[in-house]
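In what follows, a single structure is set out as structure tokens and then discussed.
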């Protein structure tokens, strides 16, 4: 069975079914959405079960020519970098669908679910695409469902927000499209064949200047999507204005698209270019860590707080990838999953508090632990994971990211540690500000916000996943090793890193150097 | 003399004349739709003939007419546009009482467009362009009771006449440089005489031809008539101008530059590239603040002309291939969008205003989906035809070492997202209170057919891109005169 | 050819420029059409000049076609001008600007 | 020599009358001035050994077209030249700059060109005779000839449509 | 066998904590007690069994590691979930579970009337588990995990009464400062990982010498480790959280903020002595910091009115002694004092708790006096503790402090300095502790007497106070001057014998004993003169040295300085970021672009004037521009 293709097609089919359902068929819509998401989850579990941990390259590949004349194909598969992201996507979307079904918008509920399914299909496609054009297709296409969700069900400023979200992201990604084309055409000079398959481009020696230029094109898109400071302008708006379920999906899954692209394409395809852009990108990531932390500290609402904290957290992940260190990169892959889980849980808590109290304003809340002790416990879990308390799942990732970074550039790790300290400050501000102190902002001690069974269905699985990763991160990291080593190796060689730091030595002698596209007639 | 090769032209000319004659002759009420029926039959016959003619080049009228894959495929674009225009005009209340001339004039314009893309000679090319222009002047002004229709006609005519004069002058200079009006002859002479490729007079000719054709294709800064004329003209005519004229102008560009003067490509690549850049940027920026959908689509057609010009500017067959593919996509997207506008126009007063679209997606979800598809595809979102086209165009630019064109195109596309998606937002948003369902008509099947076919094509052209591209590649190769 | 072709071309260029100036300066729609005729004539002078230079009839054929086309455009143009300005007091194309922006 | 003098006369006539077309305030005078230009150009055609084109120029252009203009001018009556201030005055500068630039560019192009045919044009030729033109129209340019008729047909239809509207307007008022 | 038991010791409190935390609703107190206290009792019993088991082995056969599973393997670094059972960790286990059990017992009564009885015990059990993980961890990674978990438990228990803003703020402060310590520890681990390629204790310590004595790397490792230690053990300048931590319930203060957690820094240095042995500079820095801390804290303790705060500052000071000792290389002395301190400080806190409980949460010394009549048990506990801490011969504190100081005198010039500071500290200790004793238990009752009368504690609370009081006396007899060195011998396999190890000699012991006894008695005497003999005297003398005393009262104004230097500027910077930089920068990219494009769009629209002649202008201009472009291209091309 082409499981990986099914992974994309099943939610797509569910979206189509939901799209043609009349708006009043809310029960049927819930059923279709739940079946669709659970089926996707099941398929992703099959994919994980069939996964061969020792294989570095893409596996379970489904290949179908789409536009052979232009070298474009439907090429999907999984490898160690994408495997857990796929599972994260299906899990988070299942939970998101459940949350959406529990409180389906009054207006056009089926359409809401249809768009969520569409977004899931796009994200799964993005994480499995082995063809650059296909990657781009999903990268862009994902904007449509998210934008429509914001426009139709978002907050007061939904129109401008959705527009900025789409346009800002597109500004980067259309330049990426140009870079994609340029990359393939330059690679064609070396290989003699026009192909957009990432695996065909790996190993092509672009030359340092070309490589840097092309990578810069990709980086603009990634930087906006991640978002890397100072390109995060869309994030506070989108996270504040989107329906909260959508914010969960944005923060947990979509935010991984950029860093995933960096590791999937940026590092392995342009090893010669990394060296020139390593320090600038790392500095932006470091600024983002400190800046995001400071803003999270003073953010007026919970959504903004978690949103800005995401800027900081993703800074860590970027740092982990860009320093080209095996430990840091594997830590970064793990941290993508961790951040997905933690961000989802954090926004789920925000959802419950906002719903129970009618406000997300930090200054107007306090003491909810009195009426909502179970929520307080769950929230505490989430807080500790979010501030990466040693022993939490997030710490594992952060520790190995920074360990690897420290190995290469100790000063970066030291600066990044500021973010670790600030994380404690702002996360405790959020937890204590809402849960502790005298009761404020509510008349029922916060009992309305208490975690009921319906909320627990969403939050408890997330917490269990946190515990699982905290207890045995090796179960995840074992699968990522081969692929990350392979992805990093060319860049490590190009950077002249000591041979003992390199996981696998790339065989690239067969490739002839490509000429610069500008030099061609 | 190979008269059979020119069969399409005969058919089109015959139905045109028939339709015009029938417009003058009094007809019984039962035969009211006869001109349209004849016109549609003629178009279908033309399309059928082109299929049988698909193959190596044939020449008719001593080389005045070239029946090759390029001309045939471009004929398809034009005939699709003409057919859709007839369907969109079917029962158009605004054109009531003029319907019979409408058909004849659309057919005449289509004939002119076909002649343009099939011509093998400067004179034929000129006549083709003039035939389509003159027909369109009248079509624009055809709603004589409406001041704006007349205004649009006169504006088009005045600016168009200037364009004509410049085209004549440009052709005259080209003739003066090469001593022949035959496209093949021009190519041969440029090929055989050294130093001719950078002759100042040739450059002057190229500049004037670029300007004149740029005018027809509404390239910046020769675009200024476009918004006014598109807005004022009857909407089916606007749709026709947006698609057919654009196709014919692009066909003329390809024939004259990528085809006939490819030896002098150094003279015009940068020029047309600069034109494309200006067109993409100004067109998209101009569309931003428009509140009238027709006017917005006019600006959008300017911007799209910019993307299309990339395919000319690169000067390669790959560029031509991408251009032709994108033309098909563009025609599908534009027709689908105009079909929805026409639908709304028939229901409410000022149906072409953006506010009239408010909540339309909720009132008629299928129309909302069609419009959304059209807008999203025009904005270049994957995985739709508009994206594949842009991808191919940008690819041809990068391949030709004109990456800057692709970058400007990318930046301009970002701007375009704003106004295209604004339509989507408004459509799916809450309805404006006063005009939500003023007149809810039975959906005219002809208009619906155009809309749905367009939407299907938007998706289908992307999925079946490869077969389509094979055809386009054949057509592009036929441009090169051996 | 005793008069060099350049002379004819310069003359036609001057006519073209005159026509353009007319188009820009005159607000009477009829004068705009007249100025366009000047420009078309400029083209014709070049065409026939080149026809003479190359000793080739195509240029003259082209010029004749242009004359016919000019006639057709004038017919439509005058019809439009009449239709629009019959009811107005001033012959001013600048008044014809209800659509803009 | 005679050719040069004729050219000079025709050129001065064409430009002089052309200036009149552009600058005469009165539409009637401008239209008459156009006749002068057209006749001057016809004279040039004769110099260029294109008698048939010259004849058509005189008959069709100067005769038919300008007469039509005069009719319309007469029909629309004495509306006079517009005297309100020109809102586009400041744009005129741009226009003039453009014209000057265009002229300079054209002059350079014309004078720098080296694209003339290898052998000089013959002193006499019969390409411009009605017979050879007719021959060209019926052989190499048959299609142009045929389609031109279509343009005229369309123009006629257009005239009818617009005229009918004019008639309706007349009746309605 | 030993390791298997140790695993159980570790896991039992965790399980009971999870069960308590996850219990739906509030279980009966009996259940809570059974789970909460019983689990610690089991752990204590098994710890004793481990200890006995190790005693049966030869001295060089008392170190065992046990790995549960390969927790992660990443880029050539393997981290196992492993424990290390050796004399040091066993000693810590005994203290943690032993003192922990007593305090749990005490809490059963102390927290009886609290709404969140279950939550309290769940948190306490979590703490015991975390502390055990800290001391049992077999590698740096899990050391850090335990280290952070005790911080978390401390946070939870300081902020146990979460409705009180002061408690919440104190909890946050403790947590954040502890995170700073964690960061130091993590960086140290990174450095070790980078230089030695391992996080495992055994491999790291074995390879330490390869880094070279007194090398920069070793110094950096040691100082980073010490950042962690200082944060956890409340050493200057990271001590400010501990006094505030008294916002937590008193048993918490006794267990976490006196007996066990705050001494983790001492444990850490002893555990990592392999590094400290290699860098004399690092050791001296540690010792001097300890010395400064002990003196500074003692002066502050003199001024406190809150009974718990006196004890808190006393804890800071006492831990300063230990840090000083281990910094100098007197590892065994430091560990000995750690143990003794656990006994007497716990006794002091629990006795104070009895007082507070009896006076219905009254903590101010100003409203105490003459309590010995009412609270005999507390008086015993407090008295024993005071005698011990003051260093009165025969009590635990005497032997421990004497051991530390006697060692210090052998520690070179820095050692002598430390000895002097320590002696002064001993005098101050005696003074402030007996001030507390005299003001609370002697003298007249506060104006108006006690309403209602202080009630004595029941056995739940009494037994631990008495037991710990007794331990404060006998606990010191494990290591006596002049040769009876049970603690040193026990720890010998861990600390080893090397040039860096400092131990007392007979001569130093004699000198130290004489001087320190004089100092202690002097301090007690002064306290009696000031506070005991005539309660009015201190009021009469209140004007003396008002300025310096105000500074001491404000704890040398560290908090204010931190506010001025770090917190406020940071907050201001963040506010500037939020209100200025963000709108101008990241948001400015958006708003600026939007404004720019909008302006361009307006320009394009305004050029579209609707007048056809204007279009002609543009066309003409366009032709000219096209000509220029074409000419330029042609010129460039040729």
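For clarity, chains are labelled A, B, C, D and E in written order, and residue numbers in each chain start from 1.
Following the convention adopted for this analysis, a contact is a pair of C-beta atoms (placed from the backbone, for glycine too) under 8 Å apart; a residue touches a chain by one contact, two chains touch by 3 or more.
Quantities reported herein were computed from a predicted structural model and do not represent experimental measurements.
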item	value
Touching chain B and also chain C, the following chains	D, E
Shortest path length from chain A to chain C (each step joins two touching chains)	2
By mean Cα position, the chain sitting nearest the middle	A
More contacts between chains, A-B or D-E	A-B
Most remote chain, CA-based centroid, reference being chain A	D
Of all other chains, the one whose Cα centre sits farthest from chain C	E
Gap in Å, rounded to a whole number, between the CA centres of chain D and chain C	5
Centre-of-Cα separation between chain E and chain B, whole angstrom	78
Chain A and chain D, separation of their C-alpha mean positions in angstrom	68
Chain centre separation (chain B, chain D; CA means) in Å	30
Residue numbers of chain E (touch at least two other chains)	605, 608-614, 616-618, 620-623, 627, 631
Junction residues of chain B, two or more chains touched	123, 127, 130, 134, 137-138, 141, 144, 154-155, 158, 162, 166, 173, 176, 179, 200, 203-204, 207, 227-228, 289
Chain D, residues touching no fewer than two other chains	87-88, 92, 95, 98-99, 102, 105-106, 108, 110, 117, 140-141, 144, 148, 151, 154-155, 158, 162, 165
Inter-chain touch pairs (all)	A-B, A-E, B-C, B-D, B-E, C-D, C-E, D-E
Contact set on chain E toward chain B in their complex	597-598, 600-602, 604-605, 607-608, 610, 612, 614-616, 618-619, 621-623, 625-627, 629-631, 633-634, 637-638
Touch list for chain D against partner chain C, complex	1, 3-4, 7, 11, 14-15, 18-19, 21-23, 27, 30-31, 34, 37-38, 41, 44-45, 47-50, 52-53, 56-57, 60-61, 64-65, 68-69, 72-73, 75-76, 79-82, 84, 86-88, 92, 95-96, 98-99, 102-103, 106-107, 110-111, 116-117, 120-122, 125, 127-128, 132-133, 135-137, 140-141, 144, 148, 151-152, 154-156, 158-159, 162-163, 165-166, 169-170, 173
Residues of chain C touching chain D in the complex	1-3, 5-11, 13-22, 24-28, 30-31, 33-35, 37-38, 41, 44-45, 48-49, 51-58, 60-61, 63-65, 67-76, 78-83, 85-87, 89-92, 94
Complex contact set, residues of chain B against chain A	376, 380-383, 387-388, 390-392, 394-395, 398-399, 401, 403, 406-407, 410-411, 413-414, 417-418, 421-422, 424-425, 428-429, 465-466, 469-470, 473
Touching residues on chain A, where the partner in the complex is chain B	65-70, 72, 133, 136-138, 140-141, 143-144, 147-148, 151-152, 159, 162-163, 166-167, 170-171, 174-175, 177-178, 181-182, 185, 517-518, 520-521
